[in-house]
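Naming follows writing order (A, B and C), and every chain is counted from residue 1.
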Amino acid sequence: MIDIVMPFLSGTMEEGTIRRWLKQPGENVEFGDDLVEVEADKATVVYQSDESGILDEILAGEGATVPPGSVIARLLAPGESHSSRAVQDAAATPNPASRAAAPPRRSADPRGGSEEIALSAAERAMVRQVVASKATIPHFYMSVDVDLMRAIDAMQRTRADGDHSPHPTISDLMIHACATALRAHRRLNSVFADSHIQTFARVNIAFAVATGNSVSTPVVLDADNRTLESIALETRRLTQLVRDETATAHDYAGATFTISNLGKDGPDAFSAVIPPPQVAILAIGRVRSIPSSPAVVKVTTLTLSSDHRVLSGVHAAAFLATVRTLLEAWPG
Amino acid sequence: MPEIEFRQAIRDAIGEEMSRDDSVVLIGEDVGAAGGVFQVTRGLHEQFGSRRVVDTPISELALAGTAFGAAISGLRPIIEIMFGDFMTLAMDSLVNQSAKYWFLSNEQSSVPLVVRSAVGPGGRFGPIHSQIHASWFMSVPGIKIVAPSTPADAKGLLTSAIRDDNPVLFLEHKRLYALKGDVETQVVPIGVAATARTGTDITIVTAMKSVHDALAAAETLAEAGIDAEVIDLRTLRPFDLTTVLDSVSKTKRIVVVEEGPRTGGWAAEVLASVVEHRVGSLQVAWRLAMPDIPLPYSPPLEDAFLPDAERIATSVLQRLGAESPRARATT
Amino acid sequence: MTTESAGVGSVGVTRFWTATADLEDDREAAVGLFRTMAFARRFEETTQSLFLRGAIYGSTHLGAGQEAVSIGVCSVLQPQDRVAATYRGHTTCLGLGISPVGLLAEMMGKGNGISAGRSGSMNIISLEHGLIGCFGIVGGSIAAATGVAFALKYQGKDGVAVAFFGDGAANQGYFQECLNFASIQALPVVLICENNQYMEFTATGAVTAGGILPRVRALGIPAEEVDGQDVWAVREAAAQAVARARAGKGPQFIEAQTYRYSDHARGDPINYRPDGEMDAWKARDPLLIARSRLMSMYGLAEAEVNALVESANAQVASVRAEATAAGFPVPGDFGSEFRETAVASDA
């Protein structure tokens, strides 16, 4: 019996998730055959078999998350038969992947019976990230209301007939405005590095995409060099990759700033957690209509979370002022 | 026996070993035809020829690398890195090749190589021609470092270094080159310190030129009623802890004098080792070194850095609570 | 033709020291050359496999795809010649007849590794096989070979020192200093540049002003380019270069164009290479070229060639089993940083 284990894809890998088995039990596996797709640290890799034999048993099914080195499948070596397997099984140690299937224990818990909900690899990664962020970054928050009447109007009016490109959304508009603002407020386009602040030449803005119970943040590279239409195309493309689960590590890399928008059914305002090593994140509240004379006004509340080691209230306020000016004068 | 200069003692050691052993070669910049920038190797090229005394281009890394390859192939190269300050250019080969080969090869071969350099401040050579690179190598396992203070020790230690099967850095303090002294044809073992002056009240540990400064300071201290013992380490790595501890058991007081920046210098290693073993019985322990600033060139500026005889004496007197006799005389 | 088998370890690899480079009349040598390359390929794949299983640690640098250069050059050397290689040196070690069990065990950190677990993959040293070392610092092999060549010339020995290094080394200080020194001293050093097109993730061409060969020629060193995928071409060029160096003509330089299949080290993102590039090089895989030569020049049937590969693979599997079963060294007495020297006290 030959063990196939979850491979060590990197020195810091803590766990990997089985995405898709490319061989099924009973199939012949040759040295070098594509055997299974594995996801670790947000990148998916095809693991090729380093042994030959017949795939006998899959011990970690699709969706299972296990540490590197754990047995995920077994091959029957050439010439081996099943009868020898029973003896081996008796001596085998329990596989960590099977622990999740244990039935819940009965108890006298005053909260009643419970159900265990396993966290996916992405959710676990998010847990680590937000804990690290809140533990190490001194957050402060600043909000500003922005009148989007003019901008929304302009966005609707500039659509030509027969234009089938994606409609720019409020998020796209925010990316565009923030990108322009970050050019003038470089200090927010940076990381904190102990004794100095490192600012970056490129403005790469990540945006939050809800996926299951967690959030993915693909990156629009060079957002400050793009038109609104280009941003819309890019966010649509990236969102599709995320939804199809075909995004690679490259699509998540290089963000210098992030925005988060909970959509038209979201709250009026909220604050977001800064994703390290960035120094700020902008949370966008829903666009709400406010009766005003002479016309209805469309307002959103933007909330900037800032890293107080790098940014002061003055920095945050100046940035928000620039963003508001850009948006309220759209398209400028 | 006539007295000879420190530089000649070095030349004699090289010449005698080259005569004795055909595998010894001398390689460096201007060591051959020019006789060395400090005239240390004059005459060797005429005596042994270009095959054995090799002038190289200005290529410290090639020099150190060539010496490494040659040393594991049966030769015993002596190379000169002209100033200790230039060690930075040779360091990859010395640190990542020569120093580690014996261990990494699982003892298939050691690296019998000697690296000579002119070192030390006080010559008005400025910050990048006055450093003593010993401290940079103190934490590199596999490197020995010897530092003579007299012509006799220069010859004796260089002979040992050439015959040693390991990489040895040989420090030639440039202000000692003209120092004269008796020389016996004797090998001085590496790793053994010498007591330059016996005393009972304080142990002054040092090396190279500072040994002479410490001895002069000891005279001043004697007038103030302090009897100093001066230990000449002679080898900085591995240094003779036993001799130092024996002295400190007697005196209970120790100062280590180093002509180098205070932080991370070899004096710190000596002091740390002594404290580990004698912490309960020590009354006072400190180092006298140079500020953590690059050495300036202008004479009054440079002199302000040097731990010379007067500064050593004053430091000891201040620590031990007595006034300088000179100060007493002026009040 | 003289052959020597490495006796160290339970599975030996035959090393070829041929008097001439002419393989045309020597079917056995040609077959052995192919088999050694096939063995090396499977050995590197096994290294990768063990790596991904967490049984080899830290980092390794695989030579899969570059076998023709290392094994081709080693096959024209003589017992008195010396070799310095890089951290990507496993195939060179195998080409010199070093025990594959000792090599794999060393990478797995086992007690029966060549250095008893002290060096790992990057610093294999075996003086009895003429391997002065594999060097983990880029360019270090050039310095080591220069020094060995100096000693060989000094001692009047009829040996040459070979340095293997990558294209990235052409931009290191060692390269300029040692080539210049070797040239003015006319040292018997043979410089083999394995140009696998990339340094770590950066294409060499993008950061190597003026290319490599012009720099070498400017120093008065004869330099030529060779197809590193064709072990016959490598052998011919290497044999001539070695002969010239041995005859006292000074350093000789060969730039072998080749390609590495794996990333620089584990975990590297492989998407820095343009689409289709790897496929184009794999179409000229050294094993494919050698295989078709064996069939066309020596009349081997395909089944015979396949049998050679099977045999090599089986041998590697047994090496793997043996290295896996070996025990780890016990930490304890680490020996000394120095060799004990009894210094004679006579004058």
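Definition applied: a residue touches a chain if its C-beta (ideal position, glycine included) is under 8 Å from a C-beta of that chain, and two chains touch if they have at least 3 such contacts.
This one's a predicted model, so the numbers in the text were calculated from it and none came from an experiment.
Mean of the CA atoms for each chain, then the mean for all of them together: which chain is nearest?
C
Quick check: more C-beta contact pairs at A-C or at B-C?
B-C
If you average the CA atoms of chain A and of chain B, how far apart do the two points sit, in angstrom?
Each chain's C-alpha centroid was found; their separation is 59 Å.
Centroid of chain A to centroid of chain C, CA atoms only: how many Å?
Roughly 43 Å, centre to centre.
On a C-alpha centroid basis, what's the spacing between chain B and chain C, in Å?
Those two chain centres are 41 Å apart.
Could you list, by residue number, the parts of chain C that touch chain A in their complex?
Within the complex, chain C touches chain A at residues 45-46, 48-49, 51-54, 58, 266-267, 269, 271, 313.
Touching residues of chain A toward chain C in the complex: what are they?
Interface residues on chain A, with respect to chain C: 5, 7-11, 31-32, 47, 50, 68-69, 248-250.
Can you list the residues on chain B that touch chain C in the complex?
16, 25, 51, 54, 56-57, 59-62, 64-75, 92-93, 96-97, 99-110, 141-142, 144, 160, 163-166, 185-187, 189-190
Mind pulling up the chain C residues that touch chain B in the complex?
82, 84, 114-116, 118-119, 123, 125-128, 132-133, 135-137, 140, 142-152, 154-155, 161, 173-174, 177-178, 180-181, 184-185, 335, 337-339, 341, 343-345, 347
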